[in-house]
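In the two assemblies presented below, chain A is common to both, partnered first by chain B and then by chain C.
Let's look at the complex of A and B:
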């Protein structure tokens, strides 16, 4: 890991702590409150607050997972630095696209 | 030897990378160290046993071996502290190639000290003038905490990350780099940060703290590595590492 990937890994981890707690609390509250999918979508559609919240979450999670996967591949498989880095970068891109697609679906679609 | 004498069963690694354990019976003594046991075997039971030692008092760092699964300095490890059911299993240090029996090849281990730039580089000041270094400064105190390493290789042998990546510089070299970085007389402290910021440097550490747990002289290389992580990140963000 380089200083920058180390910074991004630790920084995204710190950023995700409150986001994960909020996300889990939200799920529990929605389920316990008996909200239907339509009722949840009614609250998220057009909400820039939730778009921003999950936008930051997806950004942080994709970077964190990509760097983590790169490290795991480098340490636990015979893959070299370049191959591990390429797979890590691909994972960042894929997770970011999937996350962005999900945010689009619950906020704008 | 009397018939009432208690005996230790000692299994010792014989061979190099390929080999097997050989069992010996060694008389148990009071205040006996693991190095005493190995020396007894070499002097009385099998003169061909290869092992390494020098000072016998915990200063030189030559005699580290794996004892009952843990890397230890054998000259200061009393048998009574580590023996299990009257049995000792002694093998060479892990994470290093085995030359023969209990002797490892430490070339790469010491090459990494050089790669981490753990050596003093003189600055531009006059050679005949003593540089004032106050003992209570932050840098001097940080250096003091890391400086007593005896180069035994125990931390390197205990490190999981070294076992996964043989190019990782490892706790001993990085601990030395931290001590060198905190030497304010050094003429190229940024050079140390450049050396330890490569992909195989301090940021590869997972903070497992095996090095601190096993260090025979109670140093904390994990703490030193954390210091290097902070210092190198600051330098990187200031653009000092790309100059």
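Let's look at the complex of A and C:
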């Protein structure tokens, strides 16, 4: 892991501590009595608060997942440093795009 | 002690188990995230979103979701433990207790929320 990767991995981890606590609490509350599309959208539609919350969450979780994947590929597969880094960066990009699309879908669509 | 012996001895160490659990839970979460985002993106088409959320109410899907929530909680506690060791100069034993205390506090808070709403 390069110094920049290390800094990003620990930084995103710290940033996500309060986000994960909130996310876990919300999951447990929301799942009571089963999930429904209306219930989810009633909470998120038009909410700038949730858009901001999930925006930061997607941004940080994507970086964290990409760097983690890069480390695992480097250590557990025969892939070299460059190939592992490329796959990690691709994962970050894909997650940013899919995450932004998901936020747009539940807040604005 | 041979190299192999050292490897085996280190694998019996709780730190090795903690690192392995952290890595496997992280891998599971990284593979789950694209699917999670794709499903939420279905909200762009109201009917698809309604049916996919209804589909998640099946017992097997609920069990899989519970495993993912568990993976998130375990990865969270393991991460807090790692941050405690690296940034607060704590010993590994102290960090394990901090992670346990954190997980306990989180569990109690979540149980309260379940009753409060």
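By our rule, the second predicted complex is superposed on the first by the 105 of 109 C-alpha atoms of A that agree within 3 Å, B and C clash if a C-alpha of one lies under 4 Å from a C-alpha of the other, contacts with A are read in each partner's own complex, and residues count from 1 in each chain.
In this section, contacts are C-beta pairs under 8 Å (C-beta built on N, C-alpha and C of every residue); 3 or more make two chains touch, one makes a residue touch a chain.
Here the structure is a predicted model, which is why all the values come from computation and not from measurement.
Ranking chain B and chain C by residues of chain A touched puts C first. Contacts of A:109 after superposition on the shared chain: chain C is touched, whereas chain B is not.
Of the two partner chains, chain C is the only one touched by A:99; chain B is not.
By the touch criterion defined above, A:37 reaches chain C but does not reach chain B. Using the contact criterion defined above for the overlaid structures, shared-chain residue A:1 touches chain B, although it does not reach chain C. Once the two complexes are overlaid on the shared chain, A:24 sits against chain C while remaining clear of chain B.
Contacts of A:13 after superposition on the shared chain: chain C is touched, whereas chain B is not. Chain A has no residue lying at the interface with chain B in one structure and with chain C in the other.
Chain contact summary for the complex, chain B toward chain A: residues 161, 164-165, 197-199, 203-204, 229, 232-233, 235-237, 241. Per the touch definition, chain A reaches chain C in the complex via residues 10, 13-14, 17, 20-21, 23-25, 27-29, 31-32, 34-38, 40-41, 58, 61-62, 65, 68-69, 72, 91, 94-95, 98-99, 101-106, 109.
The touching residues of chain A, when paired with chain B in their complex, are 1-7, 74-76, 81. Within the complex, the chain C residues that touch chain A are 23, 26-27, 29-30, 33-34, 36-38, 40-44, 46, 49-50, 53-54, 56-57, 65, 69, 72-73, 76, 79-80, 82-83, 86-87, 106, 109-110, 113-114, 117.
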